[in-house]
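By letter and in written order, the chains are A, B and C; residue numbering begins at 1 in each of them.
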Amino acid sequence: MDLTAQRVTLAGDAGAGAEAKPRLADRIDAWLPKIVLAPTFVCALVFIYGYILWTAVLSVTPSRMLPKYEFAGIVQYEALFGNERWWLALKNLALFGGTFVLVCLAVGLLLAILLDQKIRGEGFIRSIYLYPMALSFIVTGTAWKWILNPELGIERLLHDWGFENARFDWLIDPEMAIYTVVVAAVWQSSGFVMALFLAGLRGIDDSIIKAAQVDGASMPTIYRRIIIPSLRPVFFSSFMILTHIAVKSFDLVMALTNGGPGFASDVPATFMYAFAFTRNQIGLGAASAMMMLMIVVAVIVPFMYSELRRPRNG
Amino acid sequence: MKIRTGIVRSCLIVAFGAGLTVATGVQAAELEVLHWWTAGGEAKSAAELKKILESKGHKWKDFAVAGGGGENAMTVLKSRVVSGNPPAAAQIKGPSIGEWGAEGVLSNLDEVAKAGGWDGLLPPVVTKVMKHDGHYVAVPVNVHRVNWMWANPEVFKKAGVEIPKTWDEFPAAAEKIQKAGFVPVAHGGQPWQDFTVFESIALGVGGADFYRKALVELDQATLKGATMEKVFTTFAGVRKYTDKDSANRVWNQATGMIINGKAAMQFMGDWAKGEFSSAGKTPGKDYVCVAAPGSAEAFTFNIDSLVMFEQSSGDVRKGQQDLATAVMSPAFQEVFNLNKGSIPARMNMNLDKFDDCAKLSARDFEAAAKRGALVPSIAHQMAVPAATAGAMQDVVTQFFNSANMKPKDAAEKLARAALTK
Amino acid sequence: MAELSQPRDTGRLIGRVIVYGLLVLVCVYYLMPLFVMVTTSLKSLDEIRAGNLLSLPQDPNLDAWGKAWSSACTGIQCEGLAGFFWNSVSFVVPAVLISTLIGAVNGYVLTMWRFRGSDLLFGMLMIGCFIPFQVVLLPMARTLGAMGIANSTTGLVFVHVVYGLAFTTLFFRNYYVTIPDELVKAAKIDGAGFWLIFRRIILPLSAPIIVVSIIWQFTQVWNDFLFGVVFSSGDRQPITVALNNLVNTSTGVKEYNVDMAAAIIAALPTLFVYVVAGKYFVRGLTAGAVKG
């Protein structure tokens, strides 16, 4: 990571050089990187931050079916905070997001370590772990719904095998329904996390491990003390990607539980969609979207800041 | 000179060509129709509409978006209107018609309605839904009856009970059915299905006037009153007789339980009939359709309709008028509804081709209209705006899913939800 | 690196058995939905109604596949998924290529030509990934309408490129960070310009990460439903919309075998990409995409 520091000075040098010899070609060259980056910058400004601003504006209007630009104060936020369903959605996001990210990291790391033991048929097994990434939930939602459905899926299979009292009915249990979403979400994303960790493991310098072995350290100790700590950047990338998936999880919930039973497995994304589009309460939907964004910023920014800062200072 | 004739000639050609394009334009105005009739039977019946339209020289551009009773289609529609590019026609129903009308984006269908004599063909309750500010803006496709009960007579026979005619008879009958080893009520625990059962109970327990006061006019006193408490108590009683796996079940899976003889009855609109017929069952023999307990005299309706969006092109406008006329034609109303399980929105049609359930539905529809017992279904977005209906549905489904909520508290909560705008 | 390959004693052997056992067990979990989908698609409707969904088909046939491809109803026309398949291809390919190309150039600037504020810009872009897509539907519809590309393939490609950029930029940036500075520095001293360095030095090194970016974008764009349904025009709907119309009907008989066959057909291109390029995917990630 000290490469980064070097590069900053390098960029500074280039700038200084351009000032020293103000030839036209050089000046264009000095500006070129910025020009090249400009379209992306403008896109981000308009299509992300502009739209966030637009949503913020809508959240203080009385908009119902279509946007109406009249100021209405914070009534939408009051309505949102008075809505039980919203609080349940937030609670579900915390439960789902927390479990999903942790389980994915654990499963991904475990599978990567196992696959890294010079396994025969590694490529084949890896494809099996990775393929769910390729499928959308419009595709697999029905299959999962069946598997988790007590009348059709695993529970019935267990009954057919003679385990009459076996129960696997999370899908229809208001308390547990959100965890079926975890089961399916882990299925879809953990393979990708596995690939990230596997890549990280392959990137570790063998000589460090050899040296530790010579010192008489056992394999578990080597993993705990040397290998896993060195995967810190992978944890960071995976965390970012997984949080991103968790916050935006929408098709998953729609396909699997549709927010049910009742609205027991609602999450903020489905809440926002239902209110803004189905129930003609765009103002309220916008308010919920703003809250979602604030939560994301509150979780992500400090984490990103500390993580990106850390190695540079160290 | 020569050059000039050349110019004139090419001008003529251009003018002629333009004329030609305009002429062909009249022939082939492209009508984009947004709908969610994608299930096999429905799709085939909607295709009839396309045929009629094409015979009049228009082009049908299909824009089908399925999902959750049109939820996805509504998202698409909003985006299309916001982008300034609305479809020519869209499937919209109930109070939403008025909401779109208030945005000033719908075309007026008064002329077509007058030419077709719609006022005489549709019951006033229906025309009220089709109008905004006194003008026709929508055309009805069908009438679904929601307060049906689908029963398996075989199961009732085995349990040794009669099909309950009132909610007071219901618990005893259900008890016996359960004792005999069947599931009394086949239910799918999704919010809209909970709400569907709830409104049938409200109609059966309180009658049409109570229903209208509480669930259409949203009268606070009625919503909090003793009758509503009784409705919730009865609702909790029904929950007792559903099976443990009902949560999150889709409705046709529940219908399957009636077909297989696992369950005795299901409260569901008449689209359920398609499931029975595709399983090769005949009404009256393998299954019976009766009004939900206590609601034989009344009728909760769910009407699909098409609205036309204001268009700049005159040809498309002409096409829209032709489309509206086609929808109201007896030929289309017959073929569409034969497939869909519903009955034609036009009154006084020849129903020879329809089955007994549909005939009963049509008889009850006209009788209920005369009696003033024809009420819009709240669970199917016919009675109150989407925001209000949604908030009330939340309460109903929450009550159904939590064993310890008191009926009195539920009624209070429902009244509060009814204030949602 | 972890040497467990030569079992020297029983302990090692047991360890080996546990490792393989776990791997296979997890495979079952991963394969179960695919198993259900494939077997169901090969059964008849009666067999599905009667039987267990995890049982093997008694009389496997491809009728459902034929129907899903060419005669299932997805609207009022019943021509299966065939046409929609090509609709999807027609916008997925440009969207993936354009977003990958721009991402590559962005990553190149953000690592090799840093300037004051470029890190901030990158952070801004990253946070932007977290915007829920439901939020952007209406303003985007308005913008596309104003640009005159509402409900066109161009508009759809544009939307996918815009919201794919953050990820492709992230991939390329993280990959280019690992390329030694000396290479570019030397080239600069030799007087090579911005594009020349990119073409001659950076691009030839980029193959693994291009594969990663293409796989990622292809999966995202091909599987997208929300943008596809909102921003496409009626007659050019992507396959996910058609699939949704097939599977998600609320009233009417469910033909589960056709649904499942259609679902697999819709997933074939992405599955194909993963199987063919999966090896390069991990290799590309190894090559540096995960170094934060």
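Note that a contact is a pair of C-beta atoms (placed from the backbone, for glycine too) under 8 Å apart; a residue touches a chain by one contact, two chains touch by 3 or more.
A quick note: this is a predicted structure, and the numbers were derived from the prediction, not measured.
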Touch-based graph of the chains, sorted into line, ring, star, complete or other: complete
Chain at maximum distance from subunit C, centres defined as averaged CA atoms: B
Of A-B and A-C, whichever chain pair has more C-beta contact pairs: A-C
Computed distance of Cα centres, subunit C from subunit B, in Å: 38
Intercentroid distance (Cα basis), subunit B paired with subunit A, Å: 39
Separation of subunit A from subunit C, taking each centre as the mean of its C-alpha atoms, in whole Å: 15
Where subunit C touches two or more other chains, by residue: 138, 140, 244, 247
Residue numbers of subunit B (touch at least two other chains): 68, 75, 78, 82
Junction residues of subunit A, two or more chains touched: 67, 273, 277
Residue numbers on subunit A that touch subunit C, as the complex places them: 3-4, 6-8, 10-11, 14-15, 25, 29, 32-34, 36-37, 39-41, 43-44, 46-52, 54-55, 67, 107, 110-111, 113-119, 123, 125-136, 138-140, 142-144, 146-147, 152-154, 156-157, 160, 187, 191, 195-196, 198-204, 206, 209, 219, 223, 232-234, 236-237, 240, 243-244, 247-248, 250-251, 269, 272-273, 276-277, 282, 286, 289, 292-293, 296-297, 300-301, 304, 307-308
Touch list for subunit C against partner subunit B, complex: 49, 73-78, 137-138, 140-142, 144-145, 150-151, 229-231, 234-235, 237, 241, 244-255
Residue ranges of subunit B touching subunit A (in the complex, touch as defined): 68, 71, 74-75, 78, 81-82, 96, 99-100, 103, 189-191, 194, 244-249, 253, 385-387, 390-391, 394, 397-398, 400-402
Of all residues in subunit A, those that touch subunit B in their complex: 64-67, 84-85, 149-151, 169, 171-174, 177, 257-264, 273-275, 277-281
Subunit B residues within the subunit C interface of the complex: 32, 34-44, 46-47, 49-50, 60-69, 72, 75-76, 78-80, 82-85, 87, 250, 252, 256, 271, 274-275, 278, 340
